[in-house]
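What follows is a pair of complexes built around chain A, which joins chain B in one and chain C in the other.
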Partner chain A sequence: MLTAVKNQVRVCALSIKYNIMREMLNQVTFLMNVTFMILNNASILIQWFILFRLREEIGGYTMREIMVLWGLTAASFGLSHILFARVYSLPELIVSGKLDSYLVQPKSVLLGVMTSSTDVSAIGDLLYGVILLMVAGLSVRGFLFSLLFVVTGAVTLTAFALLLGSLAFWFVRVEMLSGQMVMGLVSFATYPDGIFRGISRFLLYFILPVGMVVYHPVHILVRFDGGMLFTVLVYACLLSAAAAAVFYRGLRRYASSSLMEARM
Partner chain B sequence: MDRQEKPAGLNVGVLEKRWRLPGRKYRVIYRSVLMENLQYAANIALGFFGYFVFIFIFVKLWDYMYRSPGELIAGYSKEQMIWYVMMTEMMWFGSNASAVGRQVKTDIRGGNIAYLMNKPYHYTLYILAKYTGEWSIRLPMYAGLAAVIGTVMVGPVPGFRLITVPAMALCIVLGLTINAVFKICIGLLSFWIEDSSPFQWLYDKLLLVVGTVFPVEIFPKAWQSFFKLTPIYTVCYGPAKLIVDFQPEKCVEILAAQGLYLAAGCILMFSVYRKGVRKLYVNGG
Partner chain C sequence: MGIHLGVWNMAVLFYIIRKLVLREDGVMQAIHVEELEKTFRVRRKEKGMRGSVQAILRPQTEEIRAVKGVSFGVDAGEMLAFIGPNGAGKSTTIKMLTGILYPDGGRATVLGIDPAKRRRQLAYQIGTVFGQKEQLWTHLTPYDNFRFFGAIYDIPEKETERRIGELAERFELGEFINTPVRNLSLGQRIRCEIVASLLHKPQVLFLDEPTIGLDPVVKESVRSLIRQMNREFNTTIFLTSHDVGDIEKICKRIIIVNAGQIVLDDSMEHLKYHYLHKKIVEVKMQEETALPQVEGITILKRKGTHARLEVDTGRIEIGDALRRINASDVEDINISNVPLENIIMDIYKAEGRDTAS
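This part shows the complex of A and B:
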């Protein structure tokens, strides 16, 4: 059992490694993608400098908390897109019947699909997020916790995308909707939760898991709360299990399109 | 008999055909893309969620920022500020301009440009006509949505007059065209570098942060004069400003700036394309 898990992890790690090596074939393009993504993300800080000229705090957040918020969001998004970029285009694979090549491989279908692609610009997102967390003035303990939240955030984000993407086994036009829901989650995650009240706040914590990806982690980093930490960890595990279950349930309905395709 | 009455060399039909032909082929491209997009109107409507999320966030943000009714920030009331963002986001979502840069990049990287450049049209104008056909369906749909969301969430635009709509519409059309021309220019950089996307990100982010999310007046005075020289002024700030606060002299100023920008952008686009195709290598396929 342990050997099987070890082998599975090894295969996934190799798959991710080769994805990145393939993207690095053209080094100029690779470096430009990473560098410009960092600059692209950094330009958003202008917006916050302008807003903080108008008010000292926004939704209970100062510039420091905004940097932590942005750091966690960018790094979680980056990590998820580096390791599991294919999850975000899963509906397209399902609808066009391109899962065949994954089904015949002697490894987990889900992990095989998830790790089959890398978004190179996401390396820029991850680096930017980590840099922001480093300069946000967190203590060493806080910084280590923030790295843990980057992982839980990436897991929750990936599981959410997988859950929505797997709906394509049942419904045809899920692709656009799932993409919009994920981008909606990311959009909300870059603004303080203090500006949302009432039903919208409820939606952000219980329907779109923005609260679990960033809001709870930011609150924990500002003021440690063991119960909240436990909730974030358990939520990431439960959502991942639910997403995997929905994927395998849907896979039973999958029909091949007899498309000739090879994975190398 | 009739033929003899016409002097030789002045065949009006032929002349008309010659003059009409260049515009006509782009009109045909435009019409065919328009008809194609009409079939996918339901798909376009699926994109409303993303627009709604953005607007919802900004309504909440400005609700928080404006603490007392009647307060002005950079000369804008809360209603004007929210309508400004709604209009710029409507142009952003309704035009889907990122598709233009992406198509140019894909055509050049994938080699499809080798086929397209030999067709009896100018490649860049073909892309422009195609893009115009796409937003001609999307934009009115998003405009309708923006009007409904705006009226429900913040009430009507203060001081809005129906008579000013044609001038606003012209400003929006010119703004979208200028944006597409610049995005094509950036996409054409793929002739030299393999992937022009990083430059598209920076251009988009500049438009988003400086002109879309905030009006230019919110920035420090020294920055404002600089921003007024950039495409931001003609692409997003100008049209949205006219919608929330229409002034005839401002309208003339923005239209004049748009005319200049469009002319300069087209010259740049044609020259970059001419230089780029000289560098083209076709690998076969």
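This part shows the complex of A and C:
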């Protein structure tokens, strides 16, 4: 059992390593991608600097909380897209029948598919996010907690995309919807939750799990709350389990295809 | 009490499994298929813009019964050709046997394992080659790919190295083993695909059109490799191909499917024997002469002094048939059996090329 897990982890690690190796083949493009993503993210933060010149507090957040919020969002997004970029294009893979090669291997199909590609610019996101968290003035303990939340955030984000993407086993045109939902989640995750009230607030905590990815973590980092921490952890686990269950249930409906194809 | 029940349970279970996978004489069946079914649901769309709008408002689905109750068994070490016209359901059957597709009905076991339920366990013991699909990563070299496959199949690194060396030599991959797969020619790539699928020493090898697009020399080397695998390791071979050469040179048994159903399941020898009562006689005469018009001789083609006749030896002895031809006129003569290709074509035609519906 333990060796099986070890072997599975080894295969995933190899797969991710090969993905990144491929992207690094072209060093110039690689570095450009990473740098531009960092600059791109940094430019948006400038608008917040300006806003906080005008007002002390927005939606209950000061500049420090905004930095933590951005740090968590960017790093979670980055981590998820470095390791599991394929989840975000899962519907296309399902509809065009490109899961065959993962299905004939004696390893987890889901993990095999998930780790089969990477998004280089996400390395920029991750670096940027972690740097922000470092300079946001958190205590050492707080910083370590923030790293934990980067992981839970990445897991929740990935599971959310997987859940929506797996619907492609049932509905052919799910691609757009799932893409929009994931991008929606990420954009909401860059605004203070205090500005949302009523129904939209409910949606952000329970339908788009932005609350679980960043709002709760930000609150916990400001003022520790064990109950919230528990909620975040349990939510990440439950959503992952649900997403995997939906994926495997859908796999029975997988129709393959006879298109010429290459594994890229 | 509990333990006793457990033991009984095990015994009965064991008996049932034995019954299911073993034949009477106790030989393990490599593949066992009973009434296997697969239906695809596809969206139907009428022509043009109007059809597109309709498809959104009122989506219509159509059922394609790709495999309709197929049953057969394959013994360990057998070499089977699973053939049929385009769209007959061959690839669909292979995909169900390898765990890619979930069957809609019936049962299948490969090496006693149900592919739909214990996909991973089965994957350790079978190899798959799809001529039209790549399992290798295109940006890696074959060598790195093989190492990755080694990890996937939990083969220790040293052992992987050893097997790569061995297979690379046998398949002559030396020249390009360190070139990224995307820069390889089709033939080189297919050879690498086959090596990758053999790395874990599978007991059953599924090949779906493995020689598609290969030149005759590479084709021949692929065929001899498959035969060699079978000879040395008693690997069971399950092959689909449209190339009669593959079928003739590799397989001892042939199953023909059409429109999702088996129409023939016979040994190659038997099949040929059945059709062997027909001979093809090709003659070149010195001048245009009348050809014999007797029962049992059919003129297939005639052009000037050339003629091709089919002699039905069930109705007329070949000697008699030859005597009808004016021997002093014959410049050249060639007598041969009906090619396998024609035999197969006849069977396809006899069963009608109706599409699955």
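We take it that the second predicted complex is superposed on the first by the 259 of 264 C-alpha atoms of A that agree within 3 Å, B and C clash if a C-alpha of one lies under 4 Å from a C-alpha of the other, contacts with A are read in each partner's own complex, and residues count from 1 in each chain.
Heads up, the rule we're going with is that contacts are C-beta pairs under 8 Å (C-beta built on N, C-alpha and C of every residue); 3 or more make two chains touch, one makes a residue touch a chain.
Predicted, not measured: the structure shown is a model, and the values here were computed from it.
Colleague: Clash or fit: what happens to chain B and chain C when chain A is overlaid?
Modeller: They fit: once the shared chain is superposed, the two partners occupy separate space.
Colleague: In the overlay, answer first, second, both or neither for which of chain B and chain C A:Leu14 touches.
Modeller: In the superposition, A:Leu14 contacts chain C only.
Colleague: Quick one: classify A:Ile131 as touching chain B (first), chain C (second), both or neither.
Modeller: Neither: A:Ile131 stays clear of chain B and chain C.
Colleague: With both complexes overlaid on chain A, does A:Tyr191 touch chain B (first), chain C (second), both or neither?
Modeller: first
Colleague: Between chain B and chain C, whom does A:Leu25 touch in the aligned arrangement: first, second, both, or neither?
Modeller: In the superposed model, A:Leu25 contacts chain C only, not chain B.
Colleague: A:Ala242 in the overlay: touching chain B, chain C, both, or neither? Say first, second, both or neither.
Modeller: Neither chain B nor chain C is touched by A:Ala242.
Colleague: Determine, under the contact definition given at the top, whether A:Gln180 touches first (chain B), second (chain C), both, or neither.
Modeller: So A:Gln180 only meets chain B here.
Colleague: Does the superposition put A:Asn40 against chain B (first), chain C (second), both, or neither?
Modeller: The answer is first: A:Asn40 touches chain B but not chain C.
Colleague: Minimum Cα separation, chain B versus chain C, post-superposition (Å)?
Modeller: 7
Colleague: In the complex, go through chain A and note every residue touching chain C.
Modeller: Within the complex, chain A contacts chain C at residues 3, 7, 10-11, 14-15, 18, 22, 25, 99-101, 103-109, 172, 251-256, 258-264.
Colleague: Okay, in this complex, where on chain C does chain A touch?
Modeller: For chain C paired with chain A, touching residues are 40, 43, 91, 95, 98-102, 119-124, 126, 128, 130, 132-140, 144, 148, 151-154, 182.
Colleague: Given the complex with chain B, which residues does chain A contribute to the contact?
Modeller: 26, 28-29, 32-33, 35-37, 39-40, 43-44, 46-47, 50-51, 54-55, 58-59, 121, 173, 176-177, 180-181, 183-184, 187-188, 191, 194-197, 200
Colleague: Please give the residue numbers of chain B that touch chain A in the complex, ascending.
Modeller: Going through chain B, the ones touching chain A are 43, 46-47, 49-50, 53-54, 56-57, 60-61, 63-65, 73, 193-195, 197-199, 201-202, 205-206, 209-210, 213-214, 218-219.
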